[in-house]
Every structure is written in structure tokens, then in C-alpha cells.
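Written below as C-alpha cells is the structure these notes are about.
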């Protein structure tokens, strides 16, 4: 039986022949990598990992770090507090654009360098070393193993980081950067120089996919709300001035780095990590873009995909010998399903003294769905119907004999 | 039992008190509306409609028409052919921005006026009247009833449309607008002046949610691929320079118009139409934005939401008396589910002569999932296992006795 | 004795070998010219004309018309009234830039197309034909002979003028263009298609150099104030995004057109017309730029040049036998000269009953200089000194025996 | 007799009532000045100085230093070498704009901060202290007295100079800034903090007006070519995004600083210094702008002014008893005069054996005029005419008996 790994290998091989790029050379350390190394890893929210190629070759995260550090800071300070320093808007501009919002001086979003620098400066800590340590710890929690900084790359980035220092000084002048410039860029350059491999990227992505809980370690790194917020920002801004094309062709929140890594996320499903150093003209791994495009199309990963064949949410409607009625619900209780269930419930309860609802076949139930369903059942109960819910797994968070 | 309609009414009332806006007055016809009228409608992909407030007050679509006309043209010409005339990238700029791509002269995307004009000009037809007729027919198909043009509003838009004519001339000069300017803007101004109500908007949105098939009439208006593509473009570009904030706070593909309508879509679930004339500073219905924000948050509609409680895809594993094994699958067969099923299948088939797979409890199965599952079953069969699938509903498109 | 004409021929020949350009081809009529034709003419404020090369080959004025039409409109309406429709600021942008001032919607200046269109629309007249006739009459007055419109070029410009129509619509939308777009561009396209030759350009320039009075015909076309104002606008904005380089290297108010003409002006001295169709990358005649650069450098025409060797303004100081004193003034009575004369007068008058001032050797005396000098003499007279001015030519506008 | 000083006082008083501004407060040291202090000084190229008001109150040069440091660097390196680091083009943008030329990374011109920083970094020296010392020495030479740095203002500028450091880092990244950022900004901040008064500004301006020679000390600070070049750059770029208005209304090369000083120059005539701290919205002394506008209009200082009344360059034409002819020339030998003289010479020499040219009444003769005239006389001599020039002052650089 063909494995997922074999499928990934096939995607990787096809992507390798179909993409052309150029290895980043703005610092010598990046230029010395082997351009032929490539790997892909997929980690599911259930913790399974499938890999193909060079998934254990370490590289520096560079901009791949941005969404994770943003998530850390948003978790520490709250989304609204961070929003006073950096926006959420796509800038339609390259990664190193000077796009500060007129009036506030905020950078457009945390995925461009300006926004990432101001975000790095918001990481709590008694000084840059302390903040860096906290930041590396958070990235490690996302990856499920201890990551470390490549000190040579850090030193090189710091030595040549004039444009980033320029951005920092501009934001300092505008009042949105509260730390001294050198402290802020030290934290930022260290964050960029954290080493990881394609497998780590997949797990980091899977943690966001899994509502902020690392599916390997079970550790909650950020809340589900922050994870979703981060994915929303990645969706709009992660691919810079290529965001629209990406949304149309791939449809997965993603972030690439100049060292050749890309992380992509299918919410509630998987994180994907790809590695291949040669970059396209937008500064993303050329092979990585090709592989993710193919993967999304072949495996229907686009977040806006409409899956055509769907079963019914109410699959059985038995009337027992005592005149009671049992409705068996199944599948995902999304808005449409609950709406239909409510409709069925109203009809089914007419003239009945007892109604049983069996949710053992329900696979997914969101907060709102649970709330709507339990409210409807409570309403029914007030009309004199004896309502019973068979929910041994606590899917609805309702006990059996209410 | 509290109905969905009552919930919508509550959302509408709260939104009314919490929002402040100003009715558009750039043409006199828009300024004369009653600013207090407001309504909301939700249409599900199963064709049910829930409403609250003034859902039958007609208003002109204005920019709400843009995604639907774009879908029409993409369906007629193909996405790649349209992409030679208009891009997919968020411009980070207001609706009337002059943002033509350097080099190609293409407008950034079909949601800004420049892109919508070039799109309108691509509607097939022997002349502007013919193209307009085809366009109105397509919008009617999306709405499931015959729509018509408000000729007074059309005349007024045409009389005052200097900025749009300027955009058209610029694109004509750049070579991306192939029709004469006056023909192009005639089609465009007519499209903006098509009358609809909040209920229509909900159905139009539900048609996109439902893979291009109108859930009321059952008429396939565009393909599922075009519907998804259109939703992707709406996600990135529909809310102009407010797109990032919208993605973070609401997370639904959407498009508003200056007459006060907004359409929003939860893919595979619902279309939502809201109407209230006073606009916020981005030119969208202020109450509409507030209502959709509340609705998304209260009912978990954000497309990137991770629903925490999820059941298992394989719920029963029986060994019959003849040594055969039956696996019962349930719920939505997404990537993670299929990956887990494949893993279970491999284990379950070990040392077995017969394997039965029961998919009667499966509620949703995408193309990729069906392909992966049937390929795995075929692989199994080649190893000598007798594989049977119980699928009376044809969920997998596989017959019983392969 | 070597003539000025021979010197011009030498400049022209050297410029021909040192410049490379490309003939404009945006309309077919421009592309058919003979690229090898070239000519230069210099007309002095005294009406003498020196020429070399093809100074009688007619070509369309194109943008060369802009300063003259601007001068016409400023003369008709007043500078402040025109300034409500178009600014004076260099835009640092190309000729066809869309640079309307935020807030007012005014184009940056009348030398870019947007500003020239709004200027053309301000030409008085009962309709576009009437305005065009007045405009051609004014250009003819500047040139000192009757000019006419090349109707084929006009028709071609009008047929392809999408970008200019776009600019007109934008300004109409902004409220700075008060005429209908088609009327405005008709006047503008006609103005661009007026035929002239290099000799005409020289005379047109000389008219501005000569305070608005045509030195050939003696006809006052505009006032000295409007002529200077026009030259100031040409200095700042005439060479578009090349203005700074031009100011540094040539230092003469100038304006070029895409048909290959350039007019340059040395205030109070000469107008220069050059013709050669191939254009440089800024859209100016490549040979014309080279020739004017050489001419300015070789003949010290830069308006900011400091001429090192200067004589004294008071050259003779005689005391007559009756104890009276006579001061003989000479040369140009500029600020420095008058300041020194005032100083000398004060000393010379001490203890004298009579003072005679002889201004017959004065060559140039501005309004302010005349005012300062006559005021000082009047002051002296009030102290009891008998002051006599010998000024048979009326240089000071003061009669002999005051 | 009314003095120039009294006239200046009148201008100053009227300007004081007609202008409104706000004292700069971006560093505390600037905010503590007395906003009511005001003064104006005019220094002529002959070394006379007229003053009114507080011309001895010291203030920091700030941006007034820019043209002088630019002149110093251009003198040291040559204009073309400097042009590899900074352009000459008006940017149409404010003083602190980030406008680096695409491709080269050069700042638009040396009058905006970015260009001034790169210029400061080009001042020769073994280190920033050495370069600063050379720079202060050059500014002192322009002023004709020893100037010094206000160390408190320097320290304050340095402490708050984030935006300027940002510009420096951007230029360092682009490769146009060759010194380390901290060294470059140290030199720049010191240059801004040099103390001078309105009288100094007048003399500094007069040095540029006088072809680079300080008219008080007689010291040649820069060459006439560099002085003119500097004035050309000031004309185009000195008043930032207000340059066009300034050129139209005042017409003098000028440069203002945020401490309230403005220097203006009428080439070959005068330098003007004005001081008054409250600034207009472009960051220039509001009173200074009003005073210079009034002064230019009342005293006809606009560089493009056409002075209407002009005498003839050949005033006497005597035929002596031996058949020889004497032409007496007078006034300024500019292009028009020489052209007319050449015409007269050709006629006058016909059939004559001897021609005498008397230039004792010539007041100004530029290089080109001298060259043209002497060439024509030499040509005449070759035709057999005995030519004599009476030029005891060496106005033509030709000895008597050639």
C-alpha cells in the first residue's frame, strides 16, 4: 500500500524539476549551503509525521520565525496591546519595505521585517539576552524539541544589518519601538538565526493547526484564539507582495524564509515544512512554493475548498415502543448541520413525551454548535418534553440525564 | 425553541446600536435612501434561508457585484486568460486607487474599481447592451431570481463617473482594456446599478459557498473551482485596505458596496447578506461590518477556526466469525482522517483474507480523500486481501463488490 | 570675422556626434520624420537672429507649447486665479505622471501633461474651437508670424490620447477641470499639434526673454511680470524629472517637446530654438540637450553665472569751478551698484551746494534701482543740495532739472 | 537720505506682522529660544554690510549649513565624484524624506537630510573629529570669522537623531554611504550645531554670490564654478517641496534651517541672512520667508528679472582725421551686447585701415564675452585692419598694442 511518505517524495521530485531559484547570498553564511538539499515533512494534529528527502538538514529560520514570535508576543500581551505597535494589513510590498502607517508610524504587519523587529522588541525580558532566551524557548515549544541559535549566522546578520537598523530607527523615531534600536535588532537577528529542519517546521505548523497545542508533546504553547489569529495574519501577509497569488493557488497560511524553509498550515489538519535553499524572485524557496502548490492541489488542502459529497447530520430516527423518539446525529456539527438538526428536532418533538438524541457518531463539534444545540434542547425541555442525550464521550459537554 | 431568525435579529439589533456611519452621497440617488432600514439573511448550502429585518428592501449592488461578474468572466474565459488583464494581489489601497502593475499595466485585482472595469469589459457580447444582458442574467442565476437594472442610478453613475473613466482610459493606454472606454464603463455602471435585496445577497453568497451551484434552484452557475477561486480573491482583496483587519476579526470572504450591501461567505456552509446604508470610513456598511463581526465570533464562522472536540474516523473494528474484519468509518474524510484510516487499514489487513470497509456514516469526503482511500484499498487488493466496501450512497464513488 | 552663425554651426555639429536618441513613435505621424534634420536658432532681445542647420523644417510644438499657453492664461486670468487650478511645484516625476496634489486635486505644475490640460481648458473662448483659435493666435504672436495646426497630427493624438483623457477625467473628478473632458483635450491636442520651426522657437523664447515683448514685431504679448513668472515655472518644472541636472549643467529656463524641439531662454538676452527628432530617455531632443549644454558652457549663459571682471558704477567725480560736483554713473544699475552709488552720493554731497549726476553711460536700470536712486536724490534735495540729473535718454524716468 | 539699513528695518517690521509660525521643539534646546528675536543682514560682493534688528543673536545653522558643506565637498572631490553619492534633483518631498534613487540608492539631492548626511560623510579627515574640524573651518571661511559648535545642541541632536540614523543605515545598505553610520551622523550633527548669526549668514551667502571669494576677507573659499554649481543646487532643491513657489515668488537661491535662519543669494550681488525662530509648515522661518519675498519684490532681486530700460553697448563711433575709427563700448558685455558689437565692428571696419576699440566704460565682461570679442578683433586683424584696444584696466585681458 502506497504510503503518504511516498506521495510526498513524488511531490518533492516533481517540484525539484519544475522550479528554478537562486540561493540567498546577502551574508556569506547563507551562500555556502548545498543548493541541492531538499526535504518535506507533514505533521498532523494527531501527531503523526510523514517525511521525504532531507528533513534533518538544519537551516536558520529567518522569516519563518516571524509568525511564531508574533504568536508568543500576542499571547503575552494580548492582541489589542500588540496592535498598538504593529498592524494586520497586507502591505502589497516586499519583505523589507519601509511601510509605516501614516499617523501611527506602525509597520503594516508583523510578517514584514519592520513589523517583525517591533514584535521582537516586545518579547518580555530583562534585556536582549533574556528576551532571546524566552524567544528561543517559545520556538522550541512550538517545535517540540530544544532549538538553538547559529551564532555565526547571527554575527553575520548583525554585521550587515543596515537596512533592518534603518527600519528600527524609523520606528524608534515614530515612537512604536520602545526598546533601544541595538537591543531590538539583537533579539531580532537572534530569532532569525535559530536553527531548525523541515521536520521541526512541520511540527511548528501543526501546533498552530492544532489550536496552539503541540501535537507531539501535548504542551499548550498558545491559546486556540491566538493560534487562529496568527494563521489569519499569515494568510493575509505571510507571502508579502505574493500573498494574493498564493491565496489563489495554494490557499494555506504560510511563511517562508531566505534560508529556504517554508512552513504552511492547514487549520485543524496539518503543518507542513519544506526546505530547499534556491529562492524565487519574492524571496521564497522556489521548490518549496512548487511543492506546496502541488500538494494543495492534489490533496485538496485549500482552506476555502468546498467538499462536494456530504452526508446528512441526522441519520436515524427511531420511534420506540413507548412512543419515545431517538435521533442519531453524525459527522461534523457545523453551522449548516446544526441548523438542519434544529429544524428536525422541532418536527420530531411534536406530540412526543420523550426525545433521545444520540451524538456518539458526531466527530467534530465547535463551541457555537454545542451552544446552539444544547440551548435548543433546553428550550425543548421547557415545553414539557423529556430530553435525553446519549453522549458518553462528552462531545456536547452535556451529561446523559438532564 | 429559539430560532436562527431570532438569533439574527439579536445580532442585527446589537449591531445597530454599536455602529456609526454616513450614507454615500456621491450621486443623489444614493443619498435619498432611508438610513434606518436594515436587514440580514443567511442562506445555507442546503437551501434554507433565515432572515431578520428589512431583507426585501431593494438597493443597487454596486461593488457587491464585482466577485460575481469576475466569477462569470473567469468561467467564460478561464482563470489564466483573465489573469492577463487583472491580477489577484491585495493592493493595500482604497477601492478607487490607481494601482496598475508596473510593466503589465494590469490593475492589482478585480475587487478595486480599475480591476472591475477591465473585468466588466471582458464579459462576452456583441456590444455593451448584449454584455450587460448576459451579466444581469448571470447575477440573476446567482440570486435565483430575475434581477434588473435601476436605470436612474445607472444614468447618474454614468453622468458623474469621471474617476472610473479615468481608470478606464489609463488601462486602455496600457493595453489591458480591449474594449472602447465608453463601452466598458457602460457595462460596468450597469452592473453596479443592478437591484437586489439582502435575501438575494445571501443566496448569491450561498451559491459560491455551495461550489457554484445555486442551493435554491439547483442551477450550476459556475464550477466549484471557479467558486473557490472567486472566494480566494474575495478573501485577499474584497475588503480593500481593510482586508487584514477583516481577515483577523471576521475571517469570511466578503464584499461590500456603497449602497450599503455586504455579502459574506462561509465556504461549504452559508452565504450571508446584510443591508444598512450608512458606511464606515472604508466605504463598507458600518452596521454590516458590525453584524458580520458579531456573527462570525458568536457562531464560530471564521474559516481558519480549529474546532477542538473531534471524534475518531474509525469507530468500529469487528472481526466476524469467518475471520474477516469490518472497519466502520465516520464523519468527514479530510486529510488527517484519511491518513489515520490508511494507518489503521495497513494494520487491520495483516494476516486477514477479507476486509470490509463501511462508509455509511461518512458525512463528507473530498476528491483527494476519495482518491487516497480508493488507491489504498486497490493496493490492498493487489496483496491478495479481498476488500469489500459498503457504500450504498456512493460516497466514495466505488461500487460494493470490487 | 567669425560669425555667431558659424559658432552655432560648430556647436550643432559637435552635438550631433555626441548624442544618441530615439525618435518618438507613439503616433505614426511622429515616427515618419527624418531623424537627421537638425537646426539651431538664437534670437536676441534686440531682434537679431542667428541660425545654423535646418531651422526652417516645421515640426509640431508638442510640450514646447506649454509655457506659452500658460503665459497666455496667466495673462488673461491672473497668476493667483490660475494657481487655484494648477501649482508651481516640480513634481520630480515624468511628463505624464499622475501627480495631483492631495486635498486640492491640482496638478503639480503646468509643464506636466495634467497641468497643461487644465491650463488649456482655461483658455477663454465660447467653445473649444474658439479657444483653440485664440490659443493659436497667442502662439503666433509669440513667434511673430502666423502659425497653424497640423490636422493629421491633431487627429492622431486625439485618437490615441487615452492617458491624457485619463488625466482629464481625474481632474474633472477632483473639480479642478471646469470644462468637459472632450472639450479640454481637444484644445490641448490642438495646441500640441501647432507647427513651428527652430527659428520660431528662438523668437518665442526671445519674447519671454524680452519681458513679453516680441523683439521682431514689437508687439507686447504678455507683461514683463507674466514673462518672468513663466520663466520661473519653466526653470523649476520645464525639464520634468531632469530639472535638477538641467539647472546644474545648463541653467536656462527651457521646455522640450516629443517632436524634437526645445526652447531655452536667457532672460533679458536671447531665446534659443533647437530641433532634432531623436529623444533621450527623459523625452527631450538628445541633440538639443547636448547643443544647449555646450552653448551654455561655452558662452556663459547660465543664469546664475557670476561674471568676475566688473568696473565701477561711478567712474568720474569732477568738481567744477563753481564748487558744484558731477558724478558720472555707468553700466548696469543693479542692487550692488546703487548701494555703492548711494554711499558715494552721501559723501560727495557733503558741504556742496550743487550736485550733478550724469547717467548717460548707464546701460541698464531696473525699476527698483531707479526708485532707490531717485528717492536718494530727492532726499538730498530736501537737505538743501541743488541736484541735477543729466539723463537725456530718460534712463531714470527723471527729467533734467528737478 | 534714507539708508539701506532703514529700508531693511521696514521690511523686517512688515514681515513680523504678516507672518505666523511655530518654534521648532524636536529638541529642548531649540524650544528655549526667544521667538521674538529677529534680524536681517545684507552683504554685498563689494563687502558692504547693511543690517536691521537682532543680527548678532547666535543660533545653530541646522540645514543652512548644507549648501556650504556641499560646496566644500564638491571643491575637495569634484562635482562628478560627489554626484556618484548624491544627486541634484528636486525631490518634491519634505526635508526628512526617504527618497533614494532606485538603482543607485543615491539620495535625491544634498539639501534633504539624507543627501546632507552622505555629503557630511564625504568631508575629508582621518576620523569624524578631524572631518568636523575641517568642516567648521570651511564654514568659518565662508563667514569670515571663526565659528564654533554648540555642544549642548549637538549632544541633544545626537541623542534624538533616530530618523537621521535610519537614513544613514539605508544609504549604508545601498552602498552610497562609505563611512560607518555613527561616524557619518557625528559629522552631520556637529555641522547642524555650528553657531552663527544673521550677519554671518549674509557674508556666507555673499561669498557664494561673489564667485566663492569672501568679500570681507578676500579669501577664495571655493572656485567660481563650485559657487555657481552650489547656487544651482540651492535653486532647485533648497526649499524642499516649496521650491516651485519660492522660485516663482522670490527667485533667489536660498536655504533655511529649523533654528530660524535663512540664507539667500543674488548671484554677483548680495548674500542675505535672516533670523526669526518661528517656522512655517515647510520648516522655514516664517518671518524670513515673508521678509525675503518682500525684499525680492521691492528691490527686483529675482534672478530671472528682465530689466526693461537698457542703453546701447556701443555709445560712440568717431572717425579721426587719419581715417581711423574709434568705437567706445560701455556697460556689461553680455551675449546680446557682444553680438551687437560684433555686428557694428564688421560694418565699422569696412574700408578702414585702422580701428580703435575703447573699453574703459565697460563695467562687466564675462569669459565668453571676452573670448568672443578678442576672437573677432583677431579675425579683423587678419583682414589687414590695424586694431587697437584701449583697455588700461585689463577688462578684456588684452594689451593695448596687439
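The letters A, B, C and D name the chains in turn, as written, and every chain counts its residues from 1.
Assume a residue touches a chain if its C-beta (ideal position, glycine included) is under 8 Å from a C-beta of that chain, and two chains touch if they have at least 3 such contacts.
Predicted model only: the values in this text are computed from it and were never measured.
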item	value
Chains contacting each of subunit B and subunit C, listed by label	none
Averaged-CA centre spacing for the pair subunit D and subunit B, given as whole angstrom	65
Between subunit D and subunit C, distance of the C-alpha-averaged centres to the nearest whole Å	22
Chain-level touch network, classified as line, ring, star, complete or other	ring
All pairs of touching chains, each written as two labels joined by a dash	A-B, A-D, B-C, C-D
Complex contact set, residues of subunit A against subunit B	1-4, 44-46, 48, 50, 79, 87-93, 108-109, 209-211, 224, 227-229, 231-233, 235-237, 241-245, 247-248, 251, 253, 266-270, 298-313, 315, 330-332, 334-336, 339-340, 342-343, 345-346, 361-370, 372, 375-376, 379-380, 383, 393, 395
Touching residues (chain side subunit D, partner subunit A) in the complex	98, 162-163, 165-170, 172-173, 181
